[in-house]
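I am attaching a structure below and will ask some questions about it afterwards.
Chain naming follows the written order as A, B, C and D, and within any one chain the residues start at number 1.
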């Protein structure tokens, strides 16, 4: 499903990731852990092809970073659910519209959009905040909107960057149980996090440990 | 269909959200269209006036006294057959004398005891030949006939009119090109500004899998809308202008501005085009730079 | 130093905080905990007078929410260090400038600004990222910039909203030790967090537990 | 001091960062100043031309044939004492006859055998009295004298000149007011746009304890800078215009545009004012709405 072959990606100012080899299969639940600045978010950005490797190649689904055409990137991203570390919600529209947008760009029918959006908002416990704008929500609520937006398109891979940073332990636990269920149904999940407790929820998860842009252990 | 309506809605919303940038564009487009429209009306009416002056333009062909009736008839026939000539009319010495009396109030025979006026023709040319070059050619042709004594026309008038017509045409074209250019550049800039203001929306859309078209279309719609609204404002201006000019100032200017539906449709099409081209120019180039 | 007297603050759409009574003395280290949407951030916003109570009053330092003039709000805020849940860094300037801004607004001299900014950036481990723009930093690095900006003005109260959400356990521990030291030197600290582990670092901390806009336990 | 430099630097940076909004403002201000400047130059030169025409304006006072030398002398003295009169000169019948000869090439005595030309005065009025109302008053005064036969002046010319002067003045004022208004409104809008684009910066500044002044000053600096840059562009335009007009088109227009330093300083001050007032108008109102 996802493979990294000798991937190096360096930012103009230096830091980045180096010599990454990695394989994620459908059905995998992968944690990427490591200190701040280790390169976890960079790995995720390489997967959704926001940045491209300077060396090596990234293959996701049937797309290859060295060959993909610009036109194909949206197609790839429609298959991937992404929960960004900084949420990236749009303050000019409400919670419903933020989540629905994800389906509009995939050309889903309005009627279907409606049912799916309400369903997913309820599953993350935001049924009562549908008409709020993101800046009227608490940090944890915003994070859950971001999660809903990623889940609503039933992705084949879910990328989650520190998805519980603003959630209290109870909500975090609920989220992990939800993700576990989704994973069981066949969605691969790649999660970058500092919260080592989360790992306990997924006993059969694979763990990739990073530091200073390199993988230092992988299971 | 869902997507189509969604994009149209986003275009409208964008226009409202962009606020000042949008107002700017609309304002600039309406000013441009007003100036282009004025340029058009003024040059049209001036060209019209020149044309009217030109339509009064005639050649006068004076024949020799010795010309026989037969020769005159043949000459008449020749004139009639010339493709450049719209209409030629014969003025016999007698009718010339009558005209003289009408114009000067005195009988020519009371001054002299013979009629000094030669037989002549006045010739109206077809409009396209009413310019110095053609006229000189036609005259050269007519002069070949031995019975022709002299051909007169108001060369200077014609030259002046031609010069004016050319100047008017050049100025109108320049005005048009200048404001077309300004409009399109300013629409582009305004759309750039809008894109810049919504870079977050755009990069988020791209990140969640929107195609370029999906991101672009609302901007095109926004640009076109701005163009159309700007054009409608300029239409309002011209409507008010003709109303005021024709109802209140008619007595001063002895001139009625006439604008038909075509003119208004033209303005709106121009506005639409400016808006659309302005956004087309920018969106493609500028969008790539965002996320 | 800070006192809430029967404070109720309701947002246009409903939620908010109700009947809050609370007192923070100089030298206190206070944790506010509770589930997402409990009203933790709202309490902090009331302290730095970003919002005002609908009922009751908030007193901070020598300012009273019911009497404070608009002109005095900047003076109050210069005494308070704030670490926002969403960082609020400015992407149009680099790390140094983001931190220095906090001193410029307080009319500190350029030379002094320089030494203080470098000092605080080193203390949060960002000495090597001085010239980066915030969007070139990892989530955890951004959070540390936000922390540096709050600390640089040597505030008399430090408000921290989920300051370790994006930090790995090691950096979190370092931060807590730093804050403990600052607290020992006399700065009151009020921290909203879900990370109950943090509490262990400060044995003598006071803990305020919130739920649904109300304080349900206080120590 | 630190803060002062910081704010100035922020103003400059803001201008660069605001990009299109800033360019827009500069563009609009320079266009406005160009049009205001043109309005000024044209109206100044037209007023000048009218004044020049008016300076050639004279009253002609024809005396009765019967006037004695003494009466004429007294009359001369009276004219000289009138405060409205700049200069009066006596034209005796003899010098009138000489003038006749000069103008018409014929000796008046060769046509008639007496001199039919009466003694007369030509009177130049002081500039401020060169208008129909004053002139009528002065004439009524002069007519009271029994030796005066008739007073002539080109009433229609004067009326026309007055009318034009008034129209030019009104148009120039309207142009000035219109573009002043447009400039200020557009500068306000552009600054609003800039404020809107930097609302994050503003609210963050406020949250970390910046006073309102601290937040506002960079916008004022930015506005003033935009105004000055716009003005410099318009100065460039006028410099080029005078250069081209006076060097290349001088032969066609027989007219030299003259612009002194004061004109350029005036433009720059106007630009500065437009920019400053535009930002003052907005910033206070609009800033309160943010964070």
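What we mean here is this: a residue touches a chain if its C-beta (ideal position, glycine included) is under 8 Å from a C-beta of that chain, and two chains touch if they have at least 3 such contacts.
These numbers come from a predicted model, not from an experiment.
Please tell me the distance, in whole Å, between the geometric centres of chain B and chain C computed from their C-alpha atoms.
Distance between chain centres: 69 Å.
Go ahead and note the Å separation of the Cα centroids belonging to chain A and chain B.
One centre to the other, that is 61 Å.
Nearest whole angstrom, what separates the Cα centre of chain A from the Cα centre of chain C?
29
Between chain B and chain D, tell me the centre distance in angstrom, where each centre is the average of that chain's C-alpha atoms.
Chain B and chain D have C-alpha centres separated by 34 Å.
Among the residues of chain B, which are close enough to touch at least two other chains?
Correct list: empty.
Give me the residues of chain A that touch two or more other chains.
Counting only residues that touch two or more other chains, chain A contributes none.
Connecting every touching chain pair, does the picture come out as line, ring, star, complete or other?
Basically the chains close up into a ring.
Between which chains is there touch?
A-B, A-C, B-D, C-D
Along chain C, where are the residues that touch chain D in the complex?
My answer: residues 48, 50, 70-71, 74-78, 80, 82, 84, 88, 90, 92, 101-102, 104-110, 113, 149, 153.
With touch defined as at the start, can you tell me which chain B residues reach chain A in the complex?
For chain B paired with chain A, touching residues are 2-3, 5-6, 17, 200-201, 203-212, 214, 291.
Quick one: which bits of chain D touch chain B in the complex? Just the residue numbers, please.
Residue list for chain D touching chain B: 19-21, 23-24, 186, 189-190, 192-193, 196-197.
Once bound in the complex, which stretches of chain A touch chain C?
Listed in rising order, the residues of chain A that touch chain C are 11, 13, 33-38, 40-41, 85-86, 131-132, 136-141, 144, 161-162, 165-172, 194, 196.
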